[in-house]
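Labels A, B, C, D, E and F are assigned to the chains in the order they are written; within every chain, residues are numbered from 1.
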Amino acid sequence: MTVSNKVLTKKDISDMAYRSVFLQASFNYERMQAGGWTVAMLPALEKIYKDDKEGLAAAMTDNMQFINTHPTLVPFLMTLLLSLEENGSDRTLIKGIKVGLFGPLAGIGDAIFWFTVLPIMAGISSSFALEGNVLGPIIFFAVYVGIFIMRFPLARAGYELGTTALDSLRESSKKLSRAATILGTTVIGALAAAYVHITLLPTIELNDGITISIQEAFIDKIFPNLLPLAYVFTMFYFIRVRKVSPTVLILVTIVLTIVLSFLGIL
Amino acid sequence: MQITLVQGILLALACIVIGVDYWLEAFFIFRPIIVASITGLILGDLKLGLVAGGLTELAFAGLTPAGGTQPPNPILAGVMTVVIAHTTNTSPALAIGLALPFSILMQYVILFFYSSFSMFMARADHYAENADAKALTQLNYLTTAIVAVSYGVIVFLSAYAAQDLLKSLIDILPIWFIHGLEIAGGILPAVGFAMLLNVMLKLQYIPFFIVGFFLITYLPIANLLPVAVVGLGLGMYDYFFVKSDDEKAKGGVQNDGI
Amino acid sequence: MQITLVQGILLALACIVIGVDYWLEAFFIFRPIIVASITGLILGDLKLGLVAGGLTELAFAGLTPAGGTQPPNPILAGVMTVVIAHTTNTSPALAIGLALPFSILMQYVILFFYSSFSMFMARADHYAENADAKALTQLNYLTTAIVAVSYGVIVFLSAYAAQDLLKSLIDILPIWFIHGLEIAGGILPAVGFAMLLNVMLKLQYIPFFIVGFFLITYLPIANLLPVAVVGLGLGMYDYFFVKSDDEKAKGGVQNDGI
Amino acid sequence: MTVSNKVLTKKDISDMAYRSVFLQASFNYERMQAGGWTVAMLPALEKIYKDDKEGLAAAMTDNMQFINTHPTLVPFLMTLLLSLEENGSDRTLIKGIKVGLFGPLAGIGDAIFWFTVLPIMAGISSSFALEGNVLGPIIFFAVYVGIFIMRFPLARAGYELGTTALDSLRESSKKLSRAATILGTTVIGALAAAYVHITLLPTIELNDGITISIQEAFIDKIFPNLLPLAYVFTMFYFIRVRKVSPTVLILVTIVLTIVLSFLGIL
Amino acid sequence: MQITLVQGILLALACIVIGVDYWLEAFFIFRPIIVASITGLILGDLKLGLVAGGLTELAFAGLTPAGGTQPPNPILAGVMTVVIAHTTNTSPALAIGLALPFSILMQYVILFFYSSFSMFMARADHYAENADAKALTQLNYLTTAIVAVSYGVIVFLSAYAAQDLLKSLIDILPIWFIHGLEIAGGILPAVGFAMLLNVMLKLQYIPFFIVGFFLITYLPIANLLPVAVVGLGLGMYDYFFVKSDDEKAKGGVQNDGI
Amino acid sequence: MTVSNKVLTKKDISDMAYRSVFLQASFNYERMQAGGWTVAMLPALEKIYKDDKEGLAAAMTDNMQFINTHPTLVPFLMTLLLSLEENGSDRTLIKGIKVGLFGPLAGIGDAIFWFTVLPIMAGISSSFALEGNVLGPIIFFAVYVGIFIMRFPLARAGYELGTTALDSLRESSKKLSRAATILGTTVIGALAAAYVHITLLPTIELNDGITISIQEAFIDKIFPNLLPLAYVFTMFYFIRVRKVSPTVLILVTIVLTIVLSFLGIL
C-alpha cells in the first residue's frame, strides 16, 4: 500500500464537518446512509490515496457498506476512520471499527438529540410561540445552529482520538450508550405525562343529588395521568408486539377520539 | 382568505429548502415550529403561524425518523395547518387534524423514496469499484434533487391548487367532528412517544421511565429541562458507579471474574 | 339496639367460613373491610359496616400473620367493632378500641392452636411412613374443623351472649377515655408497621424506607399505588443493574474475581 | 424405582392450584405448613407412585418435613417438585430444592402480597368504604379473587420450569427476593407516613400574646411526620431488640394514648 | 450608641476564649450564631445579637476552614456585625457587609500564623529527637497564646477604638450602596458553597448534587434535615449495594476480575 | 524494644479524648496538625515507653510528621495507634496506618461535620434566632457539646479496634468516605438552592401594556433557582480552574451586587 502519513490538514478535518451533511443524501432501505457517507469521505480519501487508484477503490467499496448512525455525531466517526486510513491501518480493522461504532453512536445520538433535546426545545419554544411570541422559533433555530456547529469540534476530536484510545472507545461507547438511553427514557417518561392529555367527562349522580366526576373521584385519586400512561403503553403494545404501523395508529386514535367525544366520554 | 399564486410559489420554494434540510437532518428547520412560522410569514399572518407552529410542534412531539422509520411528515403538517387555518378561517387546533392527510401523503412519498433509492445502490457499488468519485457524488445530488422537487410540487399543489376543494370540504364538517379533532390533538403525541419507546425501551429501563413520569406528574415542573437534568444525573450515575459488564445487563446470573 | 338470636347465629355461621379462610389464607375475606361489611349486612346496617370496615382495616394495616406470627385477630376486630357500634350506639372509631379485647382473645386462641397442633405431627409422620393418604387427609380436616368451630362459638358468645354486659360497661366509660381511644386508632398502625419492619428490615434497606416515607410526606400522593410503582421501579433497577453477589450484600469488603 | 414418566395431565396440574389451598390446614409451630402441604400433594403423588407403596411412603415422609412458604405462590413450588418426582429424580435433590426455594418464595410472596398489595388495597378500598360506598369491599374482594386465580398459571409455570431451568432458579430467586424486599420496604416507608397520625396539641404563649403550636412551629418545620416515624421505630426497637410482644405494644400504645390525650398532649 | 470601655474589654476577653475555640475547632462557639448572640448580650441588646447572628450565620454558610483553607473570619464577622448595627443604628443585614473588612483582616492574620508557625517546626523536631515532652508541650501553648492575644487586641481595637471612625464612615454611605449590600448578603453564600464544592466535587458526584438541588427547589422542604436524611439514604445505598473497586470509581473502563 | 503490654487504663483512653483538643494548637502549613497531635499523644506515649527514652524519641519523631485530619474524629485514630504502640508493633506499620487513615478520616469528618451538620444546624438555629428566639444559639451549642462528647466513645472504639480489624478498616474507610461524600454533595446541592437568593428585577413591557417579569416569565419557567445554581458554579469555576482566592470572589460579588442593584437589575 502506498499510503503516506499525515496528509490531512486542519482544514481537511473541518471540511469533514461540512461534508458530513451529505450523510443521508441517498438514504434507502438497502444501505441506509452508505451513499452519502462515502461521498462525504471522498475528498479526504482521494487526498490520502492520491494516485493509488486501487487503494481508493478498495476504500470506497468498504465505505459503501451498510451504515446507519446519528447525523450530528457522524463527523466524529468519519475523522476517526480517516485517521486510520491515513496511518495505513489494515482494511479489516477499519471496517471492524466502523461496524462496531456506528450502532452505539446512533444510540447515543438518538437518545440525546431526538429523544431529549428535541422534545425539550419543542416544549420551551412552543410555550413562547403559543403566546404569539416570535422568540419561539428563534430560540429553536439558534439551538440547532449551535448543535450543527458541534460537528466541528467533534470532527477534530475524532481525528485526534483516532490513533490513540481505540480499545477504551468500544467499552466506553457501550457505557455512554447505556447512560444516554437512561437519559432518553427518563425524558420519555416525562413526555408521556406532560404532553398527552386525556380527561374523562362522565360524572356519576349520587342519591343525594351530588354529582362526582369519574376523572377526579376515581382516576386522579388512584393515579393522575393514568390514562395518558395507559394509552401510550397501548400504542407501544400495538407497535412492538402487533407490529401495527404508527400511521395506522394515528388514524385510529383520531377516529376513536372523535367517536368518544361524540359520545360525551372525552 | 385566498392564497395567491405568488404565495403558492413562495411556499413551494421554501419547502424545497426545508425538504432538503429534513432529508439531510441538518438544521432542523423542518420541525413544525419553524415551518409554520415561515408559512405564516409568507401568508402575511405571522401570529397565526406562531400559534399553529406551537400546537403542531407539540402534537408531533415524539414523531421522529430515528432509526430510519418515517412518521407523518412534519413539513406538510406545518405548512398545511397554517394554510387551512388561514384559508378556511378555522382554529389552528382543528386545522392540525385536517392537515394530517397531507402529512401522511408526504410520509408515503418519502417511504417510496426510501425503498426505490435502493435501486441506485448497484450503480453506486460499480462507481466505487472504479474509484469514480465524481459519478458517485452526482448520484447523491440526483437523489437529493428528486426529494427536493417532489416537496416543491406537492406543497404547491396542496397549498395553492387544492384550496377551493378544501374550503368546501370544511364547510360541511359538523361541530362534533371538529371538537373531536381538537381533542385528538392532545392524544396524538401518545403515538409518537410509543414510537420512541419502541426504539429505546428494554425492560430494564422502565425504572427510568417511572422517574420521568413521576417528576412531571407530582412536581410543579413547568418544562422538560429539569427532567433532562435529572436524567443526565441518572445517566452519569450509571456511567460512573454501575458495572457495564454485559452479563450484568442480562440479569447478572453469572459471577464476574470467573 | 339488640342483636337477635338469628343475627347471632348468622354471624357465627359467617365467621366459621371466614375463619377457615383466614386459617388457609385463601380469599382474604378475613380482612376487616370485608368482615365488617358482612356484619353490617347481617345487622341490617350496611353503611355502618362499611365505615367501621374502612376504619378497622386502616387501624389493622400492617398487622399480618406473615412468618407465622399472630397479630390481634382481624375477624373478631371486624365483627365486634360493628357489633359494639351497633348495639351501644357509639362511633365506629371508638368501637375499634372496645373491640380490641375480643380481637386479642381470639389471637391467643389461634396461638394455642399453633402450639397444640404440634401434637398431631407424630401421628402424621406415622401415616406418612405407612403411605396412608386417607388418614393424613382426615387429620387435616380435623384441625381445620377445630378452628372453624371455635370461631363459631367465640363469635356467637361475643356478639350475642355478651351484649348486655358490654352495654353496661360502655355506659360507665368517661368522655376522655373515649376520646383517647379514638386517637389511639390513628397511632395503632405503628405497631403493625413495626412488625412488618421486623420481618423485612436489614440496615441496607433503610434507603428504600426513606424513599417511601418521603414520597408520602412531601408529594401530593393520595394513595399507595404510586409508591408501589416507584418501589417496583427500584426493585427492577436492583434486579437488572445491581450485583447480587452475596459478599456484596454484606458490605462488599472482598474484591470479586478473587 | 418404578416411576413412570409423564403421568400427570394438564388437569392434574390445575387441580394442584385448588389443592394448594390446604397448605395451612394443620399449621403448627413444629412443622408449620408440612401437614397441609403433604395433603395437597397427595393425589398427584399417588398417581406418580401408583402401586409403589414404598416409594409413596418415602415421598410422603419427605413432604412431612418442616416447610413455611407463601400460600399464594406455593402452587409454583408444588408442581415444580412434582415434575421432579415424575422424572424419578433423586430424593435428595428433590428435598434440597424444596428446602432451597421455600424461603426465598416466602420472602418474595410476603413482600409482594402482605407488605405491598394488602396495604395498597386496604388504602384504596377503605377510602371508598369510609364514604359509605359499597365499592370498597367489592374492589378488595375482586382483587383477591384475581390473586387466587394466579395460582393456576403459577402451577403451570412451576411444572414447565421444573425440568429445565433449575440452576438459574436459585440465583434469580435470590435476586427476585431482594427486589421484592426493596419494593416492600419502600411501601412500608410510605405506610408509616400515610397511616400513622400523631399530632401534638400543646401551644406556647409568647410575651406578645401570640400563641404558637409546637406541632406546626417546631416539628412540622424540622420534619413533617417526624412523630409517626419516631413511634414506628420505637415500636420496632421494642419488637426487634427487646423482643416485646406486639400485643403488649398495642395495649401499651392504647393506654399511653389515653393518658396523653387526658393530659391534653395528644 | 457608644460602646463603653468595659464593654470593649469584655468583648476582647470573650473573643480570646472564642478565638482559641476556633483555633482548636472544639465547641464551635466561633460560629456567628453564637458569637453575635454573646456580643449582643455584652452590649445589652440580646435581640439584636440574635437577629444579627442568624443573618451572619446564613451569609457565612459554607465558609469553613476544612482542608486548612481560611475563609473570612467568622468571629470578627459576628462581633462587628452586632457592634456596627448597635453603634450606628443600621440594620443587621447592612452591617454584615460593613463588618466584612474586619472579617477579612482577621482572616489574613490567621493565614500569617499558618505560614509563620512553620518556623517552629524545626525546634519541635529537635524536642522530639530528645524526647523532651515538656518543651514540645510549651511550644504548643505558646502558639495558641499568640493566637489568643491577637484576637483580644484586634477585637478591642475594632469594636471599641475604631467606633467613631466607623460612625462617620457610615453616615456618608448612599442609600443605593446600602441596598446593594443587603442584596449581597443573599448572594455571598454562593462563594462558600463553591468552596465546599472545590473540596468535594468530582464529576461523578454531580448526580447527588442534583438530588439535593431538586429536593429544595421542587419540594416544600423547610430546612436541610430532610435533605440530609435523603443524602444519608443515598450514602447507605452506596455503601451496601455499590462496588467500591477503585477501577470502577474512575469510570470503569476495565473489566474486573481480569 | 522494651515495650510492656497493656499499660493504658480506661482513664488514659478517656483522657485522650480531652487531649485530642490540642490537635491544631500549632497548626501551620508545613506540618499542619503535627505539633498538636504529638502533644496530645505525649502522656500516653510516656506511659508506654516509661524509661525507654530512645523509644519515646523515635515515637515522638514519627508523630511529628505531617498530618491533617478531622478534629472531631481524631481521638479514634489516636487511640488506634496507641494500641499498636502498646503492643510494640513495628514503627513502619504504625506510620503506615497513620498515613493511610488520616486522609479518609478527614474526608469522612469534613463531609459529615463541616458540610452536612454545620449547614443544617446553621439553618435550624438561624430560623429561631431570626425571630429573636434565644433557642437558636442554645440548640446550636447543645448539638456541638454533644458532638464533642462523641470524642469519648470514639477514643474507646479506636483503642478496641486497634489490634483486631486492621485490614478491613482500610477498605471500609474508603467506602465510608465515598458514602460521606455522597451525603455531603447532596446537602451542598440543597444549600445552593436554599441559601443563595438571586432575583432579577427587570420587566418587559408588551405592546398591549402588560408588563411581564423576566424572572417569572422566563427564568422560573425554565428552571427555578437557575441563577443561584449558575452563580455557585461560576464561583466554583473561578476557584477550581482559575485558582482565584475566595476572598477576592467575596469582594467581587459584593461590588458586582452593588453595581447591579444600582442599575436596577437586582
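As a working rule, a residue touches a chain if its C-beta (ideal position, glycine included) is under 8 Å from a C-beta of that chain, and two chains touch if they have at least 3 such contacts.
Worth saying up front: this structure is predicted, and the values here are computed from it rather than measured.
Asker: So if I superpose subunit B on subunit C by CA, what angle comes out, to the nearest 5°?
Answerer: Superposing the C-alpha atoms of subunit B on subunit C needs a rotation of 120 degrees.
Asker: Consider the two chain pairs B-F and C-D; indicate the one with the greater count of contacting C-beta pairs.
Answerer: Between the two chain pairs, C-D has more contacting C-beta pairs.
Asker: In whole angstrom, what separates the CA-based centres of subunit C and subunit E?
Answerer: 56
Asker: Roughly how many whole angstrom separate the Cα centroids of subunit A and subunit D?
Answerer: Averaging C-alpha atoms per chain gives centres 45 Å apart.
Asker: Using mean CA coordinates as chain centres, what's the subunit D-subunit E distance in Å?
Answerer: The computed centroid separation for subunit D versus subunit E comes out at 53 Å.
Asker: Taking the mean of the CA coordinates per chain, how far is subunit E from subunit F in Å?
Answerer: 12
Asker: Residues of subunit E touching 2+ other chains?
Answerer: In subunit E, 206, 210-211, 214, 217-219, 221, 223, 225-226, 229-230, 232, 234, 236, 238-239, 242-244, 249, 251-252, 256-258 touch at least two other chains.
Asker: Counting only residues that touch at least 2 other chains, which ones in subunit F make the list?
Answerer: 124, 127, 171, 175, 221-222
Asker: For subunit C, which residues count as touching subunit E in their complex?
Answerer: Interface residues on subunit C, with respect to subunit E: 203-204, 206-207, 210-211, 214, 217-219, 238, 242-243, 248-249, 251-252, 255-258.
Asker: So in the complex, the part of subunit F that touches subunit B is made up of which residues?
Answerer: 220-223
Asker: For the complex, give me every residue of subunit F touching subunit E.
Answerer: On the subunit F side, the touching residues are 21-32, 34-36, 38-39, 42, 46, 53-54, 56-57, 60-61, 63-64, 68, 71-72, 106, 110-111, 114-116, 118-120, 122-130, 132-134, 136-137, 140-141, 144-145, 147-148, 171, 174-176, 178-198, 224-225, 228-229, 231-233, 235-236, 238-240, 246-247, 249-251, 253-254, 257-262, 266.
Asker: Which residues of subunit C touch subunit A in the complex?
Answerer: Within the complex, subunit C touches subunit A at residues 222-223, 225-226, 229.
Asker: Which bits of subunit E are touching subunit F when the two form their complex?
Answerer: For subunit E paired with subunit F, touching residues are 23-29, 31, 33-34, 37, 46-47, 50-51, 53-55, 57-58, 61-64, 66-69, 71-72, 97, 100, 104, 107, 113-118, 120-121, 124-125, 127-131, 133, 136-137, 139-141, 143-144, 176-177, 179-181, 183-184, 186-201, 205-206, 208-218, 221, 223-225, 227-228, 230-232, 234-236, 238-239, 244, 249.
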